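Take a look at the structure set out below.
Going by the order they are written in, the chains are A, B, C and D; count residues from 1 in each one.
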Amino acid sequence: MEFKKLVQDLQVAEVTRLNKRHFILDLLAPEKLPLILPGQFVQALVEDSPSTFLRRPFSIHSVDYKKNTLRLMIQVKGEGTRHLASLKTGDHLNLIYPLGNSFSLPFTKDVLLVGGGCGVAPLLFLAQFLSQNNIHPTILLGFRTREEVSEIETYSRYGKVLVMTDDGTEGEKGLVVDHSIFQRERLDFKKIFCCGPDPMMKAVAKIARMHKTDCEVSLENTMACGFGVCLCCVTPTDKGNERVCVEGPVFNINRLTW
Amino acid sequence: MEFKKLVQDLQVAEVTRLNKRHFILDLLAPEKLPLILPGQFVQALVEDSPSTFLRRPFSIHSVDYKKNTLRLMIQVKGEGTRHLASLKTGDHLNLIYPLGNSFSLPFTKDVLLVGGGCGVAPLLFLAQFLSQNNIHPTILLGFRTREEVSEIETYSRYGKVLVMTDDGTEGEKGLVVDHSIFQRERLDFKKIFCCGPDPMMKAVAKIARMHKTDCEVSLENTMACGFGVCLCCVTPTDKGNERVCVEGPVFNINRLTW
Amino acid sequence: MPDLAINIAGLHFKNPVTTASGTFGYGDEFLDFIDIGRLGGIFVKAVTGKNRDGNPYPRMAETASGMLNSVGLQNKGVDHFCREIYPRIRDFNTHIIVNVSGSTVEEYVEVAARINELEKIPAIELNISCPNVKLGGMAFGTVPSMAEEVTAEVRKVYKKVLMVKLSPNVTSITDLAKAVVDGGADAITLINTLLGMAIDAERRRPVLSTITGGLSGPAIKPIALRMVWQVHKAVQVPIVGLGGIMNATDAIEFILAGASAIQVGTANFIDPAVSIKIVDGIEAYMDRHKINTVADMVGALRTE
Amino acid sequence: MPDLAINIAGLHFKNPVTTASGTFGYGDEFLDFIDIGRLGGIFVKAVTGKNRDGNPYPRMAETASGMLNSVGLQNKGVDHFCREIYPRIRDFNTHIIVNVSGSTVEEYVEVAARINELEKIPAIELNISCPNVKLGGMAFGTVPSMAEEVTAEVRKVYKKVLMVKLSPNVTSITDLAKAVVDGGADAITLINTLLGMAIDAERRRPVLSTITGGLSGPAIKPIALRMVWQVHKAVQVPIVGLGGIMNATDAIEFILAGASAIQVGTANFIDPAVSIKIVDGIEAYMDRHKINTVADMVGALRTE
């Protein structure tokens, strides 16, 4: 397997609607998939949409090398994702992939994954990867409401899943940082991986700092290219403005100005 | 029935592929169709095409007031028509219609219709209209090649059909003006209605002038609005620059500078 | 219920949605499609001193998210306007504003003086920006001193609301804006079309008979918004903003950037009923954001 | 077989397809996607005298058929370029041309002089047009006398091919073009981005941290084509054309309008392999139209 970025038409092998706003695309690659790491993402070309000029970035939700497929989990936000939601089995989707760095393999077994919204997407792949390396993380997932809680069984294969909803209709009620695991004096985890909306990641980072727990976050950002040439997606780090699409999307919070 | 222009979503009731480049759309109106005259056209909105910004004009091929449908006959040319070719039964197409003036009811029964390419489109509706008024025209249709010869049976209901192909694979060979009906000393017709590419219409107009035969042509033009406000679609006439979308598309050749 | 009314240079508009000159005919072409009385106003097609045939065909080219036109001020002249068109449209229940064009200062002044006599026309919009006319049109709108002069001369004969429409084809839009304010403009319209060109590669020819033409549509919206924002910070007079407005969100962006009213142009070709949808959309936005008056939104962009 | 080679100011390009500064990194980011040796040349990201952090996030907004950016010349400075980047890219089998930027004449001269020493860099492109830098950048490119001065000063120290890239945000692009030719430019690049703005109506905020930014993509193609055409008629030096080129047809339009070579910019983001497709497409077009050399197409628009 090679580390190489590709521009490729992948075939939609399956579309799964999770709920009103979220769906999953399984995409079959025309050639043997390259090596993909958890945390990496794709840049998807939205065709036939007059208002979508640039590609759209999505995390790789999981990879099946046997079937030669990769999976995206997408939340409908605007025109681009609305168009992707109308893809059908057999259609093609053009991707640039795999892009970005990846989560690091932790030196501990006490691992917590925290995800909210469409930020849960890369955590499934990470959980799979960890469990292949004999690490079974605790996985805390935040959703808006019961209706949107999904894929819990899938996650459960790789670790212990905790659910929170904003409205308390399933699991604990509130934001992920309100979860009881964070309310104890000592945190049970030596490493946190987090992905979700900025305010959520910042709140988790604060807790991690407080407990001196190592923490990596996967940043969102508006991207034009996705492979490092436009310099549109920077975030301030200890090395100045760094590209989220190349030096990230995963950053250790120690390197961020948060 | 009212003379009123509408902006309306019509439902695709049927799609008929005539050949590789031509297809027919039967469109069901959501309310009772307004009165439509032969020669009038629609402005169709092409959705989901990034490169098609303006509407596209198409002649009304025929109207069925009983079924409340109108029919378009479309030739695939560029992005816009390619997109329309992918419409399926049940899809919607937004139209502004009916637009433009119409062919005039002739004061003679010796009527010739001449059409070429997608210019045949308005002639079917005209032939129907004439036959309702007990005029059974001769209909001369030019096609590129046998493969594209189509709808002859439909036209035959309303008059005598003569076919020409550029390559002689069906009917007489050559351009419509080469047809034997034009090679006689006296023309058998007192009125000609013509629609097709500019060079064809000019050639027919020349013959009509020679024989002092009354002749109306339906002009093509690049249109932005289609209902008279942008002044983009003018043609020089005896009254100066006139709008093809309002004062036309049908003009008597006496009024043109040809 | 939010109040959509807005006052521009003393003129009361029932809402900030108007239609752009050259894209709305004289209004009556839209009677089948919309209730014209629901619009804030209508800017009718350019009127010049004498009849003009405009440019030869082809006059239009489609471009990415836009179009080029080279209509070239085709109209039957100010006499014809006063005699034939004015009586037909004078009683529309909305402001009719005449777009005044010319090739010389004298022509502008002549047309403005004639329109000044028309009781039901409360304002004119001086078009010093049309890029299609070789004589004058371009120069007035790109040289501040000339823009000021033509505005000042028209100001002498025109007693009602005087708006001046600027060309975006300039290095400094604020210099032009200041010049026409100095000349006596009551309001500024921004922007006219950008000078562009389209080529048919297969035929190796320009698409337009005039080679170059005016670019309009969503493609130019970012440039138009920028100019409205710059001029809003530079002058005190109200701004009428336009350029690529396709929906209520676009309209609100212009208002936030500093426009007191907006014009819908090319969008009318794609949806002749869009202007009314924009009126409704602005009302819905104000409702949702709990904004009571349009004036509260004008220039209310948060940049701190 | 048509010959795609073209000579620009004495420099031989294997074909007229190059890539635009700021959209192609330093070229190596594209090694996974294309054979860089098939390109006529690469214009690398702007190099300034010292390290620059660029503007704060957000730096990008999508617009209709285009995008705004306010990257703001982020780069590590000319020292770093010569030490770290040049050795990495010097042996690419294509012309590497450095986009030189600055805030003062001295900075331009300093950077140009340093690049002049780099054996494998056959040309520089003076970026006097970037609209993102408050100091200098904008002014140089919009005032003919300043444009001439900076070109002339750089000309004194730079001994290889000197290209100057103009800003489209001006009243008269031909005045600027003539000024830089007078200053000693060997070729002119047209166009940089148009100054634009995007607003988030829901948040009532500008989308970009800098409020305004540079517009690129197909939206600006008609304006770019027009400027190439105008400048082609006004000056004798070769033109490198760009602005919204997405495919071979677009590229050919620029060549017909008067460009001797073209640059692919924003299109690289959407399809990183597009530049090579454009090379192939130009060859196919020349085949079909029986054109033997690119030079035969340059400015060959039929306008009679």
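By definition in this document, a residue touches a chain if its C-beta (ideal position, glycine included) is under 8 Å from a C-beta of that chain, and two chains touch if they have at least 3 such contacts.
All of these numbers come straight from a predicted model, not from anything done at the bench.
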(message) Hop distance check: chain B to chain C, minimum number of steps through touching chains?
(response) 1
(request) Using the touch rule from the top, point out the two chains with the most contacting C-beta pairs. (result) C-D
(request) Please name the chain that ends up farthest from chain D once chain centres are defined by their CA atoms averaged. (result) B
(request) Measure off the straight-line distance from the CA centroid of chain A to the CA centroid of chain D, and report it in whole Å. (result) 36
(request) Determine the centre-to-centre distance between chain A and chain B, using the mean Cα coordinates as centres, and give it in whole Å. (result) 55
(request) Starting from the mean Cα coordinates of chain C and chain D, work out the distance between those two points in Å. (result) 34
(request) With chain centres taken as the means of their Cα atoms, state the distance from chain B to chain D in Å. (result) 47
(request) Send over the residues of chain B in touch with two or more other chains. (result) 50, 52-53
(request) Indicate the residues of chain C shared as contacts by at least two other chains. (result) 61, 63-66, 217
(message) Building nodes from the protein chains and edges from chain pairs that touch, which of line, ring, star, complete or other describes the result?
(response) ring
(request) Go ahead and list every pair of chains that touch. (result) A-B, A-D, B-C, C-D
(message) Which residues of chain D touch chain C once you look at their complex with the stated criterion?
(response) 61, 63-66, 68, 142, 169-172, 194-199, 201, 203-206, 211-212, 215, 217-223, 225-226, 229, 244, 249, 252-253, 256-257, 285, 300-303
(request) Show which residues of chain D lie in contact with chain A when the two form their complex. (result) 22-25, 29-30, 32-33, 45, 51, 53-54, 56-67, 69, 71, 74, 217, 266, 268-273
(request) Using the touch definition up top, name the residues of chain B that touch chain C in the complex. (result) 4-7, 45, 51-55, 96, 221-236, 240-241
(request) Please give the residue numbers of chain A that touch chain B in the complex, ascending. (result) 47-50, 52-53
